[in-house]
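Order as written gives the chain letters A, B, C, D, E and F; numbering starts at 1 within each chain.
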Amino acid sequence: MSRLEEFKKFREEINQEIEKIDNQTIKRFFALDNQVYKEGALPEKTKELLGLVASMVLRCDDCITYHLWQAQKVGASKKEVEETMAVALVVGGSIVIPHMRRAVELIKEMDWKE
Amino acid sequence: MSRLEEFKKFREEINQEIEKIDNQTIKRFFALDNQVYKEGALPEKTKELLGLVASMVLRCDDCITYHLWQAQKVGASKKEVEETMAVALVVGGSIVIPHMRRAVELIKEMDWKE
Amino acid sequence: MSRLEEFKKFREEINQEIEKIDNQTIKRFFALDNQVYKEGALPEKTKELLGLVASMVLRCDDCITYHLWQAQKVGASKKEVEETMAVALVVGGSIVIPHMRRAVELIKEMDWKE
Amino acid sequence: MSRLEEFKKFREEINQEIEKIDNQTIKRFFALDNQVYKEGALPEKTKELLGLVASMVLRCDDCITYHLWQAQKVGASKKEVEETMAVALVVGGSIVIPHMRRAVELIKEMDWKE
Amino acid sequence: MSRLEEFKKFREEINQEIEKIDNQTIKRFFALDNQVYKEGALPEKTKELLGLVASMVLRCDDCITYHLWQAQKVGASKKEVEETMAVALVVGGSIVIPHMRRAVELIKEMDWKE
Amino acid sequence: MSRLEEFKKFREEINQEIEKIDNQTIKRFFALDNQVYKEGALPEKTKELLGLVASMVLRCDDCITYHLWQAQKVGASKKEVEETMAVALVVGGSIVIPHMRRAVELIKEMDWKE
């Protein structure tokens, strides 16, 4: 199973566990997290790239994986993702590099269109 | 003097001091920081919004001020900036709120077109 | 005007500006941020101390000010706040100290019961 | 071996290595880290929840594992842990989610009383 | 009063308040924070530069002010401080820049020997 | 294969992928990251220890691994590394501990001279 497939599987399984938790705040936060990337004044693609750059500077591998997956789905090009990673690198510094390495490895595995 | 004007003045003055420092790494980093927001596969506007969201989740007021200033210059609408702030809020959580308050205050002062 | 009064005034004024923003995510996030500190399985006092320790280790002065204000309102003792600050100090390290200094200054100004 | 058991084993083994290091600061810091969660004005349970929320917003998986283990030992209910996680989610934002997923997985494995 | 003098004054005053707090953990942490920069296998100068780079990448202005003050006292040259700032810039990225600007302003005020 | 060997292999492989990316900013950032640790006013050893303490307080395991490897190469003693870790622990707090555990494990594996 590829790294992306593993991530999707774990994410789905545990999100089901989280849904069972009887806590309004948690439920509403998850709804918000879904809603914020929908098209508005900004197109979905831009929002996924915003999610990606934020995840990279905060150095959250699972969040990076998620936004790469979504960015590909909504039609971001490899070149656009690379420029987004470059912004993350300059803003966040060399501590972003290990996360960028894992992102580049994943992008290769995802067989991204140019 | 408005908050934005004060920021610009301090930034300009100290950047001149920094330019006097005889250190290749610092000089090159500042060049990179300039270059990364130039138009490429992504338009300047998107890049400024990437810079803005990254600055908000990392909670850097001066960086937020800078990217709001640039975003206005390259034609981002108020609505686009608001959606970018919403992404920052969900990704970064309630600790982003104080920085968002100062951003909203600045936007008001900047007399932004809709 | 005391530092707490200044904070309250700025917060109120800008929150009114934020309410004018026509963005569902931002509105819902603010509602959540309000809801999460309400009494549940844990009493309000404990929740405010949770908010305080999180704000300290994330080094957010405005958030610390807010939770000190709320903690006093819901009856936390000075001693309980001090023990919460001690946890923040050990978890977050010496970079928490400047924020703790400002917290201690504020507590003095707030005329806290023992 | 469960994830908690693995963590305990690694932690114990390496703590023994760390104890061999002839460095007063390191020794004293470890003593402090032990002392700060002891009962005082606040009960142990509250202190472990403070440790948990701080670990979640700082996104430290091993620290989360440790405080879940301790929280269970000193009698925190599942509901109390869930409310603590909800505070962490709102304060720290969606980047806390991957750590919350691993926490929920661990809680399931720990067979927690309601 | 210069910015450094203001910092020293506030620091001294509030540290006296903190000393009055009857909390063993806080007292011991402050003792540790003092002890760790003393000469050992590494000279004091190197330790102050370690403190400086850590403070810069964690973006703590008061901590930066403190370590610049100490670094000057134990004989670090301006050149050594500049190279330390360059490491912080590359490791921590452009969000370090606002803190570096304030550091450069302070260094100018401190009248540092070459 | 030891943990250090695995790290080196992954790093080399992915750095080759990154080199293929046609993005000037990324290329220049990697050049800068290389340049900044070269001998200048400060010797290489001090610079590697600066890189190490910054990596520890920012809690980046791969960065810690890299700087331990380099620190050994340029002749840092185990004692100097331990004092550097002590600074990281005090500045960054107990959330540094899990990263310090993995560092201590690696140091053991690296068979470091006293």
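The rule is simple: a residue touches a chain if its C-beta (ideal position, glycine included) is under 8 Å from a C-beta of that chain, and two chains touch if they have at least 3 such contacts.
Not measured: the values here are computed from a predicted model.
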Key: For chain C and chain D, chains touching each   = A, B, E, F
Query = Counting C-beta pairs in contact, which comes out ahead: B-F or A-F?
reply = A-F
Note = Relative to chain B, largest Cα-centroid distance belongs to chain D
Task = Express in whole angstrom the distance between the two chain centres, defined as the mean CA positions of chain B and chain D.
result = 36
Key: Separation of chain B from chain E, taking each centre as the mean of its C-alpha atoms, in whole Å   = 27
Task = Would you mind pulling out the distance in Å between where the CA atoms of chain D average out and where those of chain E do?
result = 30
Where chain E touches two or more other chains, by residue = 25, 29, 32-33, 36, 54-55, 57-58, 63, 82-83, 86, 89-92, 94-95
Residue ranges of chain F touching chain D (in the complex, touch as defined) = 59, 82-83, 85-86, 89-90, 94-95, 97-98, 100-101, 104-105, 108
Task = State the interface residues of chain F toward chain C in the complex, per the touch definition above.
result = 57, 89-96
Query = Touching chain A in the complex: which residues of chain F?
reply = 10-11, 14-15, 17-18, 21, 23, 25-26, 29, 33, 54-55, 58, 60-63
Key: Contact footprint of chain B on chain F as seen in their complex   = 24-25, 28-29, 31-32, 35-36
Inquiry  = Which stretch or stretches of chain D touch chain C in the complex?
reply    = 32-33, 36-37, 40-42, 46-47, 49-51, 53-55, 57-58, 63, 77, 79-80, 82-84, 86-88, 90-92
